[in-house]
Amino acid sequence: MDLEIGRAKRARRVYAFDDVAIVPSRRTRDPEVVSTSWTIDAYTFAVPFLSAPMDSVTSPATAIEIGRLGGLGVLGLEGVWTRYDEPEPVLAEIRELPEDEATTRMQELYRAPIREDLIRQRLAEVRAAGVPVAAALSPQRTQEFSSVVVDAGVDLFVIRGTTVSAEHVSKASEPLDLKRFIYELDVPVIVGGAATYTAALHLMRTGAAGVLVGFGGGAATTTRTSLGIHAPMATAVADVAGARRDYLDESGGRYVHVIADGGLGNSGDIVKAIAMGADAVMLGTTFARATEAPGGGWHWGLEAHHDQLPRGRRVRVGQVGSLEEVLFGPAHSPDGTVNLAGALRRSMATTGYSDLKEFQRVEVVVAPYHA
Amino acid sequence: MDLEIGRAKRARRVYAFDDVAIVPSRRTRDPEVVSTSWTIDAYTFAVPFLSAPMDSVTSPATAIEIGRLGGLGVLGLEGVWTRYDEPEPVLAEIRELPEDEATTRMQELYRAPIREDLIRQRLAEVRAAGVPVAAALSPQRTQEFSSVVVDAGVDLFVIRGTTVSAEHVSKASEPLDLKRFIYELDVPVIVGGAATYTAALHLMRTGAAGVLVGFGGGAATTTRTSLGIHAPMATAVADVAGARRDYLDESGGRYVHVIADGGLGNSGDIVKAIAMGADAVMLGTTFARATEAPGGGWHWGLEAHHDQLPRGRRVRVGQVGSLEEVLFGPAHSPDGTVNLAGALRRSMATTGYSDLKEFQRVEVVVAPYHA
Amino acid sequence: MDLEIGRAKRARRVYAFDDVAIVPSRRTRDPEVVSTSWTIDAYTFAVPFLSAPMDSVTSPATAIEIGRLGGLGVLGLEGVWTRYDEPEPVLAEIRELPEDEATTRMQELYRAPIREDLIRQRLAEVRAAGVPVAAALSPQRTQEFSSVVVDAGVDLFVIRGTTVSAEHVSKASEPLDLKRFIYELDVPVIVGGAATYTAALHLMRTGAAGVLVGFGGGAATTTRTSLGIHAPMATAVADVAGARRDYLDESGGRYVHVIADGGLGNSGDIVKAIAMGADAVMLGTTFARATEAPGGGWHWGLEAHHDQLPRGRRVRVGQVGSLEEVLFGPAHSPDGTVNLAGALRRSMATTGYSDLKEFQRVEVVVAPYHA
Amino acid sequence: MDLEIGRAKRARRVYAFDDVAIVPSRRTRDPEVVSTSWTIDAYTFAVPFLSAPMDSVTSPATAIEIGRLGGLGVLGLEGVWTRYDEPEPVLAEIRELPEDEATTRMQELYRAPIREDLIRQRLAEVRAAGVPVAAALSPQRTQEFSSVVVDAGVDLFVIRGTTVSAEHVSKASEPLDLKRFIYELDVPVIVGGAATYTAALHLMRTGAAGVLVGFGGGAATTTRTSLGIHAPMATAVADVAGARRDYLDESGGRYVHVIADGGLGNSGDIVKAIAMGADAVMLGTTFARATEAPGGGWHWGLEAHHDQLPRGRRVRVGQVGSLEEVLFGPAHSPDGTVNLAGALRRSMATTGYSDLKEFQRVEVVVAPYHA
């Protein structure tokens, strides 16, 4: 629906996860007969969950544990694990920073250089555990470190930034030519965030195996306050799913995975992301609440310590149970933070769907939240 | 109205009771000339109110009292009255549980087995009082216990679950064949919750005498948070009333009663449920506030102690007066918790309607609440 | 705009004063060249303000003072002034009642009988001051006391109830035949509340000189909670103004005044009422804040002490200045409670209108409030 | 979209900055390749920021500093700098006034006469610093003081009032003939606030070089409460940008600058103002937060001390850094108060635009804020 803001401007109404809900249809199923499995390239996962490559979420240890539990741990290569031999004391210091000093001190701590030896060491650690290895770089760092990463051996390569486009204009340096980079790489690439149909379609044309939908972090509020930019997730996912469908036709059958990344604070949001057309979800906050998460009950992203213009905060998310409990329960509270996979399974069962691809067709309603 | 959420998804705008209100027309009446009576099958009730089969609302004693006052008490057969010889201490313990232990302990307490002797004993107690006897089972337990229930003698049989469909897919066990079950049963069956036109229409085709509209409990918020599912009640009731109308035509005249079940926190909500097309309402929270209610000022549903994925909470609702005062006043506060029947009567009078069936045609407006 | 709530129900979107605002046009004026005068029947007022016939607002003394200041004081004849020789101690007691006892005690205090001698005495007092005399009865009491009132001498007769219709159905007593009553009466009658086009049109056909738009009190919230009824004022006034226009044509030129009554908490609301098409406004809360107001900083309506189903509360409104300051300033705070006439005048000036009738055409926007 | 409020009134849906956001497109840029420069008449500025002519924002000293940093300081000539030889003690007193006395005392303090010698002295001070000189008068004072101002020498003349129209009707005095005044003046004139297409178009026809969009202050809330007037900024800017486009055609090529003035509390709002079509923004609150700002952490406008009908308040805005930091960072908090120019630059880069005029075409969405 095209709305007139004023004489010289029109706009489209867009929707957040909080604006929508799903509704049951005429059939129901037992949760036991429902499948939540997800396959990308040669890899099949029991649950369609990727961990966000953020210091508060994914360490080598949690990447391994998430892999063992049936998901995909994605290790970020620009955080404390590749800057410090001993990251634990740095994490501990970040956790204990007073509110008004947090951003400034984090800006300092993340100025330590990224070391190639640590990249190799951290990836080897994950590989040794026998789970799929996935690692993430920002577009700005991809050219500098990608060969080290590929040599170290990864199964899935993630390029993740606030907004990633297939056509970046820069004077300072030769910008990353995504199409050529992906073509030359041996491993499948997941790239994003993209929040619109056009941006996602262009990323799909670069040869990416998957596109991250969102802004790469939980900083929606502060991005809106400081940059005026906001792409509510329900619309963003449904738009990018539209790009997947159109690109499938245009490419003669190449299926690019749509991975929702951001705005996923509870199991209801995860359900809605799939309902909007996502194939999988990248989880930050929900995994940061696990007792094993390196953030220790805190959560922060790369934008939180941007040198000139920080656009996020270190936030307290608390701890609700082990990673296994977060994924598979049992839950002792109805707040959607524990048993994420069970909630997804039950939601699919209640609305009568038996696999994720079918569930993308579930009926959706617009029902603003009466808290 | 069909809205585009994004390229690959469309949705319908739906409405909660809080989104709507009713408006007067050109005629007014004295409350005394208004009738609130409701007839289903061979039973006529002075007020169109059923009690919810929840431990905090309906005990044998309150079922009897509600029957005497002109409503229908519906006893739940999967709660403390059929699991414990002495339920009062169990209820007392639940009331006194600290907030952070409540869900876990309730999960334990409701693991006690359901006993057939207690089912017989509780139903006999209600029958002995000379009021209509109604009892409720979940769809999962209906096959196991229905013959005991029917042998014990009920006038109305209620099958109530979070979401009940006419077509349930299961591997674990032979699912309940509602159509055959209802056909073979001697007593009229009320079944639900259903929240959509299609689901309700299929339930009507099973031969049910009435359909419950809603999710079978006050857990709307937590269901939305944990499962992403939400079916706001104003739209749900109006949709199911549409199914009643279409089924009336399709069946050549069989009138299936529409009973709103959920989201009915005050008398204004009850009025709106009828205005949307409900024939009667099943009351949980509003009856839980009576001094005789077994919850003793607390309220909880079956979902609150689900083993793996609890989707509700034990909530404090307080006490506002006796059941008789809750139904017929007098009220000493304008908050819509006391004199439910009087409020319904006055609302009908103010808008000029003389019986419930007529009142379903009252004019409705969309007017989001400015609290 | 006709919206589908569900298959069996459609509804219209309606608007409250808080949903709308007015906007300037290309012309501006000095406030000094703007007229706020209002003429009904043989009476012209400097400001289009009537006081609400409520015990917390209008006493004989404040009716006189409001008349002297250029408005119209409307004395309620079913409150403390016609039930008690000495109403001041009763008012003082009401002011000091603890919150949880207020409704119950007020229900008792208002059971004292209405006395004809006091009706005569109070009206004589106002008449003696040389200002126009206006008095109000509820429809239920109009037949019983109207001849006393008319004999005592009033210039304007107000019949004011929660919802007043031209066609009231009653078994208990012969209902008031408004058309005949108004025809036989010598004085102009203002009648309401009406909240819809149809109800207002029927009231206009009874011969009324004016129609009150609203529910006769500030009890919108509690009426919605307890009865499910709500008629937001922006739409209600614009609808009744439409009835005025259509009746003007139908009657061959009889102009019935539209008087907004309710939802007028600050000068911005008063401005919007006129902008929606009102000729004048009846003020409760805003006058109850005057230091002379008999409520002494508290405010309550007749619904607040209804015997069986109270639908309002005694609320603390505070005191902001003398009646003269409330009407004409100067204000020392920008909250719209003081200098009501000055605000109306400035708003008309800023948007370029020179009298109230013209100002009814001012451009209006829908702009939900970001508090 | 034209909405029916009621039978006799239609309205248009309008939008605030909080209702909208901008979205990325398929291209991104480095912030370094983006230009934020703005040219009006013979003057080019590095950033499109004007300071509001309010005592809490612009002193001769801050006007100079803002000029040096690449913006335009606009000195108000009806505040303390032209009424007092020593304004600092007056400012200090205002800062320290208790809440309940602030409006009354400010009404007194601003009754001191405006002195021509001080106008000359303050403007000379700014000119001596070598930055562009801009000064503001209200329409009411323009005739009285404009010749003094022009003789003192200004590069840009600002006429700023709550609502300024090209056609003001007055009896008390000869109203300002804007068209003639601007024609006869040697310096370019910026005039406003105007909030609608028609009002702005008429102002453009007077020969103004720029039009201020808004109500000339942060008093939107209180103006709505007291006058019922509200023109949300997203719609207002887009409407006036539409007037600019139509006037460009009508005048055969005269480009009138659109300057958003009001509702700009953080960098996100500034971004949105440009996105709606503004060429530049006039900043009050955001500059009042600078440590050099004369308000010392407080902020107030002329309406706050209006004699009869104050429509604003002195508000505490706090201090967040030097003017240089407010403009260019670095930021240590993601709240959009520091590094305004950096945020604008990054927003343009993220959405792929390289200059302000292009950026006016950025895609906009309606996405009500979930705080």
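Which chain is which? They are A, B, C and D, in the order written, and residues in each are numbered from 1.
Heads up, the rule we're going with is that a residue touches a chain if its C-beta (ideal position, glycine included) is under 8 Å from a C-beta of that chain, and two chains touch if they have at least 3 such contacts.
This one's a predicted model, so the numbers in the text were calculated from it and none came from an experiment.
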TODO: Find out how few touching-chain steps suffice to connect chain B with chain D.
DONE: 2
TODO: For copies chain C and chain D, work out whether under half or over half of the interface numbers are shared, and give different or same accordingly.
DONE: different
Task: Inter-chain centre distance, chain A versus chain C - centres from mean C-alpha coordinates, in Å - done: 57
Open item on the list: Quick check: how many Å separate the C-alpha centres of chain B and chain C?
Closed with: 40
TODO: Return the residues of chain B touching two or more other chains; collapse runs of consecutive numbers into ranges.
DONE: 13-15, 235
- [ ] Going by the contact rule at the top, pick out the chain B residues touching chain C in the complex.
- [x] 1, 13-15, 20-30, 32-33, 197, 234-246, 266-272, 275-277, 329-336, 339, 342-343, 346-347, 350-352, 354, 363-367, 369-371
TODO: Write out the stretch or stretches of chain D touching chain C in their complex.
DONE: 3-16, 18, 103-104, 107, 162-172, 175, 194-196, 198-199, 201-202, 219, 221-222, 224-232, 235, 303-304, 307-313
